[in-house]
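Read through the structures below before going on.
Both of the next two complexes hold chain A, though its partner changes from chain B to chain C.
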Partner chain A sequence: MASSGTYTKKELPQSVMRLGIILLVSGLVIGLATFALDSKRAVFNYLLSFVFLLTIGLGSLFLIALEYVSNAAWSTPFRRVAEFFSSYLPVLLFVALPLFLFLVDLFHLTHPAPDDKILTGKLPYLNIPFFIIRVIACFAIWIIYYLYAVRNSRKQDETKDQTLTRKNLVASAIFIPLFAITATIASVDWLMSLEPHWFSTIFGVYFFSGSVVASLAAITYTVVKLREKGYLHTGVVNDHYYSFGSLLFGFVNFWAYIAFSQFMLYWYANLPEETFWFINRWAGYWPVISIGLIIVHFIVPYAILLPQPAKMDPKRLKFASLWLLFAHLIDLYWLIMPQYHSDKNHPLLYILEIGFPMAIIGAAIIIFYLNFKKHNAVPVGDPKLQRGLDYRV
Partner chain B sequence: MKRSNKIFGVTALFDTPDQIIHAAKKTSSEFKDFDVHTPYPVHGMDAAMKLKPSKLGYITLAFGLTGAGLALLLMFWTMSVAYPMVIGGKPFFALPAFIPVTFEVTVLLATLSTVFGMLTFFFKFPHNTHPLHDTDYMKAVSLDKYGVFIGAEDEKFSIEKAKEFLGSLGGKSIDVVYDVDKNIFDAFSPKFLGIVATVAIVVSAGTYITLNKVMYTTPFNWMDNQFKSNPQKPSDFFADGSYNRPPVKGTVARGFIPYEFTGQTADKVLGVVNPTIPSEANLKLGQKKYLTFCSPCHGNYGDGDSRLRGQFPNPPSLHTTKLREWEDGQIYHVITAGQNTMPSYAPMVTREERWAIVNYIRVLQKAKNATQADVDEVRKEMASNGK
Partner chain C sequence: MNIDYSKELPLVEGRMSIAEIEDLIAKPMDQKPDKKYYIALSITLSLLGLGAAMLALSFYYGTGLWGNNQPVGWAFPIVNFVFWVGIGHAGTLISAILFLLRQKWRTAIARFAEAMTIFAVICALVFPVIHTGRPWLAGYLMPYPNQHSLWVNFTSPLLWDVFAVSTYFTVSLVFWYVGLIPDFASLRDRTKESSKIKKFVYSLFSLGWRHSHRNWQHYEKAYMLLAGFATPLVLSVHTIVSFDFAVSIIPGWHTTIFPPYFVAGAIFSGFAMVVTVLIFVRKIFNMENLITVDHLDKMNRVILATGMMVGYAYAMEFFIAWYSGVQFEQFAFINRMFGPYAWAYWIMVSCNVIFPQLFWFRKFRRSIPVMLIVVIFVNVGMWFERFVITVTSLHRDFLPSSWGYYKPTLVDGGILLGSFGLFFTLVLLFAKTLPVISIAEVKAVAPGAQPSHHGGEH
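Moving on to the complex of A and B:
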């Protein structure tokens, strides 16, 4: 039953690099124009773009760890794509640096009113020095695991040493609980503390569900596209997509479940210190995005991915994953931007807001291109590779 | 199982999953009526057998949507239309609160319909046995072998051809399976009915004894005996020997407004203002209550010519000069507190109704003592209203 097929290393065409550079440069130009016009809005946009790429990188890192601890074989032929995506994390630490200059604009917690007992009570945790320490510590944990796991994985390409898989398994088993903690801390730091009076104990899970959806969508789209153009192992067939489709479908449901759980408990308890966060997202034009999020992030992808053939159909998968990446951007917009629109009659969307997301996507394409140039796109030395290629529905 | 002479098909066993995938591929291109049996799901089997995607999903989808619709309809009807209740200050149609129930009912109907759809459409219920049951072939493929079965219904089927074909694929233990007499179990045989009846009796009796006797033996008393006080029961605890506690002095019942002139005569009650406006609705209410409660003694028009003439002392007319000059509050006082032989009507008519009766009495008084000028004014008003 062994599948035949080979992998030969190829470089992505120059046009990909050009696309990345065009997006990055034009995005930066638009972004800086926004900064000149409305610096606060631009900073929030920058944060949005940063978190967008952070969630993709983190989700991919989690999927790598998940593959090792669950000893999954189906995803082994595509693990390199996830590895390339998680290579954003070291870069993102530097992307985060400009944000430290604008912490006062971003975070109300940096300048609480003296009579604000809630915020003064939270000061031991929510203060700038500790914030920076947490950010660096979280990035350190992610980057250490990333470097360790990916280096082992690349070494295996040449040495075919099976103990490296074992080493990565142990590292992943240690990393997953750390990931749960650091992802929660990151979600609280970058998103929840934008409104420091508000709290949600499920917020870390919400962030996690969104980041897995985003990274799965990114990986799925890339895998389907790469295979169509013949950059992956030729043994890959449509059956391999089935798990991507199922996981995407599952995590879309998981996201909706968590989002609804969070909303329903606040709605039911109806306590003013909790509901104002949702009321802020219902003021002015915001219902369009709040209701739109349910449709864009749940109903439409649910309907697309529900039929079994859709989970193996390259066309529908590509559409669904691009759609979900867009939905994730809307989700983050819904989380972040209401903190900027302090006056509720502010225009909801702003054409220049496209700048920083464009730039960050351009940067993502460039990093991916460089990774692809340097490394094998398939872990040719992995002992599970053949088993993964043999996978059939 | 009793078998007939009719041939049902030919079976063969294989040793490895690779062999069975190969055999399934070959068989599916040669025969139409065939099946493959494996001890566990073998990846790639659907494609090897050239199976089309199952239609079962459509049943699940249809019933899942039905479940969602029914659940929402049920909650909409009970909570918002038939018996609306304010719960936690939420709207009557509180969609977020309905979503968990909708979800559960959707899942319930979807799964049940999947199981019953599978039983009916794919397992041909009530057919509850199959010629392959109770064969060495079925025992082997339930353990560690992989089997192919070619059915006699196939147009290319012949015993020799099927045997030769399976042999050429490397199949072992090639066997012929004969059809069974009937593939519906006889549910009316005395033995089966006896077993069903015995099981029914044992289960019901066991359930009854467990739930009603065993579960009520000590230490389970299910709060039958509680250290609590029941109303109307004597008490060892309180000094007056009663569990009923009288309300604290000065307690006012909800919705009750105390009347401050209780025990006084009507001529002392001065300066109480009528709080109502004698609108049409108010006068209609006053008329209704007057005719119900006042007219038996005072008469339909307040003349004191009661329908109970003789049984009680006749009340005076309501059209005397004294009563016409009384304040509204004084008439209200008499209705509320009673006067002479007239009892208090406070328990029967509410405060608003009493004031409405006062207004109606004023109308009766005006009608009895109207001048020509009043009549002209009313006629003019009616003419302007087009009556």
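Moving on to the complex of A and C:
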């Protein structure tokens, strides 16, 4: 069945831009207020916001590469949304800069006790100059692939040249193994080494699973919203949502599987050098978050997304994806914040912690708006576009 | 090379008609097997006989005939068990997971891969049962209230294996059978009235299937549900197999990446075995138009991807062993690379990580001789992976005074060969008695069977 329909480029309304600016400015004000009150907490909060957007950008970049290497067509009509999300990566390099000023607050490894043999053993890897080199190298790889793939994709809008698809396929195939390495390095650098004594071989996979959930949720929400308001190709029907629904469901399960594997194996073997990380997340008020995470990030989305009709229902998908973005924030909170204070009875979810996440979401909306203004929201020259529009469950 | 990305590749080549497809798939069942078939069968049966004889010796004299001894108490039986369970995973991935992901190219290979799943799990089940030393007491593995108040150890992953593998086997068998029902009906309809037994057997197994709309509706619902059940099961099986190792505190075993790493490795080895067998099947049965080079190309991509995942796990284990600062972990990995079993480690790395890199190139992915060599290397490499994990971690543990070197005996080798004999005997019997490709599913993806944008009649 030939799917017809057209795409006409439209700009997003000004109100979107206004919303972004309001969130960014008020978030920054609250964030800076937190900084004045408790600078260390604010720095951790800033890290949380940075990693939140980083995972969305990285996950989107991975999904673009995956579309090319697997020659998938169903996602082609929506690839631009993922491309807009990965445009956060170049910006995030600058967002990371203030963190370099507070590395001493964030990372215990910057000032190990001299008799701490385990930490001094890790110094060849965990030291500030090498840390900065790794951060820049990882960002360089992501940004190079992003610029290359997206430039080809945009060029194709005019030329409809199929060799550009071929070029992106080759680049994506090279990028995916590099992505696996750089994402693992990023997860160790920004999250695992917050507690430098602790280690887990699955941590990179855990980070990856969370990133894919978050970016899929962000893409799904945006796609459904954009189509509702008529900003996408009119040939898009509910059938197209099926893959978003099933991938979201699949990756929610994948995340839970990875999280369970990590927890279960350490719990069962009960070695003190491994379990203390979980014990830290079980002290004081922390069981609320630890148990809450299982409910919010697994049980609820599992129940919402399990029935087959839910995977194609715009309303349920919108709810599930917003829910999962929130769940991802909680997941990062659970990973990052226990390292902020040794006193685990310290109040949780401090109200001012809303500041930097608000600001980063505001910034994300502004960047998305500007991208949307400048570029087509559908890759109109992509040879796989029609095949994607023809997709039916 | 120019590829038109706006079109999907045809899944059936050579412009075959629907009737031709059915005739081709049903051909082996319509004819008496030829001499070559009996030669092949006699080879596999001899291997099976050798294995059976070695097992009989082991039961008579005891498991002392094997190389297992302190400190390596887990050796060939566990290695072979994990190897065969892994082989089974490709079948479920192809038949259930690719089905849920709406991958139509699975149709031509799903049936054979599923059959291999069932045979591989049968081979796998032999090993833990004989490893108990007294297989006639295997009933005690099942927890049931008994007068001895003798209970299994519920906290042991070895027991979870019993549940996981037996459930997996049951669901795989049912899934396979449900998929076969429409084909049994087609076979029943084409069998002449004169061959009464054949007609009766096909009628019995087709459960009165009439190809009616209602039949298909129920069938599709059941098939989807079974695919949904099989998917978490297949992942859980190798996850629990990995728990056998990872819940312990043995350096080299106790690491959190084991579950996904074992699953990726299982798919890797399973696909390699499926490609190995399909290369011969498509040639012998003239099925090159149904199991096309594109199918093999796609499977080789999966092999490349999962091989890289396995390589990632090797690297991550090694890095974290250093990073952890735990001296036992560090020693375990240095010992793997440079200790007495370094030869096994480097066979594993080169077969699993280096040779599959050839599949980066389209030319090699589509060349039958190259892929045959690579997939055989992968089969060897994945067997050695389990050998490395099991044996090198055990032979030198915390206490240097109890270190040792494990050597398998001829009996160990005979039993391993016997399991290959069992597997290929079952494969040969299957290829002669049941349709090796799903007739109904392949007809549905043949050109002209579905309305499409290009050349559709709408």
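Brief remarks on what is shown
Criterion: the second predicted complex is superposed on the first by the 393 of 393 C-alpha atoms of A that agree within 3 Å, B and C clash if a C-alpha of one lies under 4 Å from a C-alpha of the other, contacts with A are read in each partner's own complex, and residues count from 1 in each chain.
In the analysis below, a residue touches a chain if its C-beta (ideal position, glycine included) is under 8 Å from a C-beta of that chain, and two chains touch if they have at least 3 such contacts.
Computed from a predicted structure; not experimentally measured.
Superposition model on chain A: chain B and chain C are shown in a clashing arrangement. Once the two complexes are overlaid on the shared chain, A:P309 sits against chain B while remaining clear of chain C. When the shared chain is aligned, chain B and chain C each come close enough to touch A:V393.
In the overlay built on the shared chain, the residue A:Y268 is in contact with chain B and with chain C. In the superposition on chain A, A:V205 makes contact with chain C only, while chain B stays out of contact range. A simple residue count on chain A separates chain B from chain C, and the partner touching more is C. Superposing the two complexes on chain A places one of the chain C stretches 117-125, 207-215, 315-323 or 387-395 into chain B: stretch 207-215. According to the touch criterion, the shared surface of chain A, contacted by chain B in one complex and chain C in the other, consists of residues 1, 264, 268, 390, 393.
Note for the complex: chain B touches chain A at residues 17-18, 21, 43-44, 46-47, 53, 57, 61, 88-90, 96-97, 99-100. For chain C in complex with chain A, the touching residues are 2-8, 100-102, 232, 235, 239, 243, 246-249, 254-260, 308, 312-313, 316-317, 320, 323-326, 360, 451-453, 456, 458.
Chain contact summary for the complex, chain A toward chain C: residues 1-3, 71, 73, 117-119, 121-122, 125, 162, 165-166, 173, 177, 180, 184, 188, 197, 199-205, 243, 246, 253, 257-258, 261-262, 264-266, 268-269, 271, 273, 383-384, 386-387, 390, 393.
Against chain B, in their complex, chain A makes its touches with residues 1, 239, 260, 263-264, 267-268, 270, 306-309, 390-393.
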